[in-house]
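Chain lettering (A, B, C, D, E and F) follows the sequence in which the chains are written, and residue indices restart at 1 in each chain.
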Amino acid sequence: MALNQNFRIGRKALLLLLNEEDKKQHERLADAGWCYCTGKVGSMEAHKVVAAVETAAKNNQIINKELYREGHALYHAIIEALQGVTRGQVQIGSVLRTVGLSFSVVRGSPYENSAEGEWIAVSLYGTIGAPVKGAEHETIGLGINHI
Amino acid sequence: MALNQNFRIGRKALLLLLNEEDKKQHERLADAGWCYCTGKVGSMEAHKVVAAVETAAKNNQIINKELYREGHALYHAIIEALQGVTRGQVQIGSVLRTVGLSFSVVRGSPYENSAEGEWIAVSLYGTIGAPVKGAEHETIGLGINHI
Amino acid sequence: MALNQNFRIGRKALLLLLNEEDKKQHERLADAGWCYCTGKVGSMEAHKVVAAVETAAKNNQIINKELYREGHALYHAIIEALQGVTRGQVQIGSVLRTVGLSFSVVRGSPYENSAEGEWIAVSLYGTIGAPVKGAEHETIGLGINHI
Amino acid sequence: MALNQNFRIGRKALLLLLNEEDKKQHERLADAGWCYCTGKVGSMEAHKVVAAVETAAKNNQIINKELYREGHALYHAIIEALQGVTRGQVQIGSVLRTVGLSFSVVRGSPYENSAEGEWIAVSLYGTIGAPVKGAEHETIGLGINHI
Amino acid sequence: MALNQNFRIGRKALLLLLNEEDKKQHERLADAGWCYCTGKVGSMEAHKVVAAVETAAKNNQIINKELYREGHALYHAIIEALQGVTRGQVQIGSVLRTVGLSFSVVRGSPYENSAEGEWIAVSLYGTIGAPVKGAEHETIGLGINHI
Amino acid sequence: MALNQNFRIGRKALLLLLNEEDKKQHERLADAGWCYCTGKVGSMEAHKVVAAVETAAKNNQIINKELYREGHALYHAIIEALQGVTRGQVQIGSVLRTVGLSFSVVRGSPYENSAEGEWIAVSLYGTIGAPVKGAEHETIGLGINHI
């Protein structure tokens, strides 16, 4: 069941956000036959963050939009990532804060045993804070699910 | 109030964990006069994760162990980071899972305006899963607080 | 203090939803002198689920709408049932999901000792998922309170 | 993506617990080629409830214990079911209460489109209350996941 | 349904803790025929706080220990009060902190309409912090329930 | 690190709300050179409660509105206080309830060791309940942070 240390899906999703200048990171993912996408979303509404990630994942064929099981896997990964971002209640504007986030979604096979199949990682990184320019600090979240 | 884009404390804390091979990252932090430490902890008990990070931060003089205000700042940053790791309830063994985490603690001045003073970032990265070798996936958390 | 095994209020509330074809279930409740009502609600807003259950319970005289203590008992039972439905945060549309629920409210005396008095059970059963036809799975919740 | 109204996996998991006398329910599941198991667990420790359900599911070949992806699917379904049981924090003895639960685990294909594949439902039903005989009320939980 | 402004049960429970020198407060409660008790508990385990309050309430005849409905009302009031004390997860030592609390339990009829009957208020006030002398700040909680 | 028993910041914030008639309380705070403000807010939206407290604290110079670190300290204190008020999810109208609150914000140095510096306490006290006149009970919350 062991994770392949060269193909850690969460780490790859995170580095897509943190090392935006790193071309090699993109090549390595492509070489492995993994698919991924990145995007940005700023909002005071959690459902808009969910929608932005879902839409990007569908439009980039990371998940098959005809299959609920893939949407379900993605949805729970997004919510888990949002829990890291919001740390306590999955609420943004309703508790008077706003987020500016980059996100990545990576789909691949991170386990050495190929029977473990595909998994999906959603990573969010950016800022959270008051709806006042600059009154914010960084935040991150990662959600991982089997797909 | 703006964050200095070259000194994002959370990103630095995260890269300390994700780019462990990167010497330059350590140099840049030292050049900026920031202090930081890293460590590892594996446990089924959340309080042992808290204790491992607190002890490392105190032993490496990241915080002054004589001052409760510094311990208070660190504590809340650790708990926020743990919320990203645990995604829902800050519980590990009590819901039959275990974590193997690397952690970093970074203290520095990430805002352009020096009056914003020092902040502390706690980052956790590793795996979470069943208490069975390999039955685990990655997880991350980041907590940031003024100090 | 023991629960009367023939008059388990939660089980009865659940079977009202799950065995909708079962006439005997309704007769047994009526024979025991218990009162109950059922209804349906679909919404992306948790407060509309709360309101639908409260309104049905008041309109069917399950609770006395002039007494706050009865409304208070019912309210907490509804919120507890919603926690089973939402599993983590009592949010629906704000995290981009929707529910289609049947509900039942049962009021009766489920304990062998009559001094234990009346209790109220709220049961919710239906689907939760994306706001896309069919992209949903089942969900249930049960809240029980003394009244 | 629609749920097949004759094969609602959550409803079946719930009826396995609530209609324990109902032979037909077992036949219908067997006829559909679904697999399932039931069991009981009483504890003041949440991790023992998780372990009891996991062990039963593995011993009855509901999931393949060699594959983490199946264990992962089951684990999250159990935790979701426990959220319905505990309604707020997934804690039992640590907040001075105890549970006596029956559980069922059902694995099958509840969607009309066979490409939706297999799903797993975990249902918990029983009592929760003070560690005093009879000082308890009923509780239920349902968790559903793709597998 | 209005609260009687001279008999606000939560305020009285709080003042019992905060104005410990105030004799008149005790007289006013006695004059109204309300019953109450106070006590202290220090612990790293939430269940010991629950037990301390429950035991005091039973030993002082604030609730009838033979009736589960009274124990149920008290239990939920205690847990609600603990949520104010713990602010996020009802955990103490499991996240490496400790509490030193005074508590009060008040039972009375706070509404102008006597049909609203009796209610119970649990108030907790004290300190929470690291298990290090002085590394702590104040905390409060209030839970109110119909009984 | 010990708290000065004569200058407990949380107790003072609470008494500002509970003993509104007490002139001496105000004098004692002024004599100590502490600053504070009080106000009222009624709303079904949590973000309006946050905004009301933030605005009062800024307009009364309790915090420096040019510094994010002070706003950050205040924000987390408000959210912690709201957790006592809402007991479980920091939601008001979205779960069909409303609050009518008085609040106080106190800034001062509550520790005997002056190196512990300034802290901020936010206290909320009032009623929570259905959006129906009188269908409500009392509620309280206290959040404390270093500043």
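Just so it is clear, a residue touches a chain if its C-beta (ideal position, glycine included) is under 8 Å from a C-beta of that chain, and two chains touch if they have at least 3 such contacts.
These are the chains along with the protein names UniProt gives them: A, B, C, D, E, F = Hut operon positive regulatory protein.
Given the structure is predicted, the values throughout are model-derived calculations rather than measurements.
Considering every other chain in turn, the ones in contact with both subunit C and subunit D prove to be A, E. With rounding to the nearest 5, the Cα superposition of subunit A on subunit F corresponds to a rotation angle of 120 degrees. Using CA-based centroids throughout, the chain positioned farthest away from subunit D is F. Farthest chain from subunit C, judged by C-alpha centroids: B.
A straight line joining the Cα centres of subunit D and subunit F is 43 Å long. Inter-chain centre distance (subunit A to subunit D, centres taken as mean C-alpha positions): 29 Å. Residue positions of subunit D touching 2 or more other chains, listed in rising order: 1, 68, 72, 88-89, 91, 94, 111, 119, 132, 134-137.
In terms of inter-chain touching, the protein chains here follow a pattern that is not a line, ring, star or complete graph. Chain pairs that touch, as defined above: A-B, A-C, A-D, A-F, B-D, B-E, B-F, C-D, C-E, C-F, D-E, E-F. The touching residues of subunit A, counted against subunit C in their complex, run 45-47, 50-51, 54, 68, 71-72, 75, 79, 82, 89-91, 94. Residues of subunit B that touch subunit D in their complex: 88-89, 91, 93-97, 129-130, 132, 134-137. Across the complex, subunit C is touched by residues 1-3, 8-11, 14-15, 18-19, 80, 83-85, 87-88, 110-111, 119, 121, 123, 125, 127, 132-144 of subunit D. Here subunit E touches subunit C in the complex through residues 1, 66-69, 72-73, 76, 111, 113, 115-117, 119, 145-146, going by the rule given at the top.
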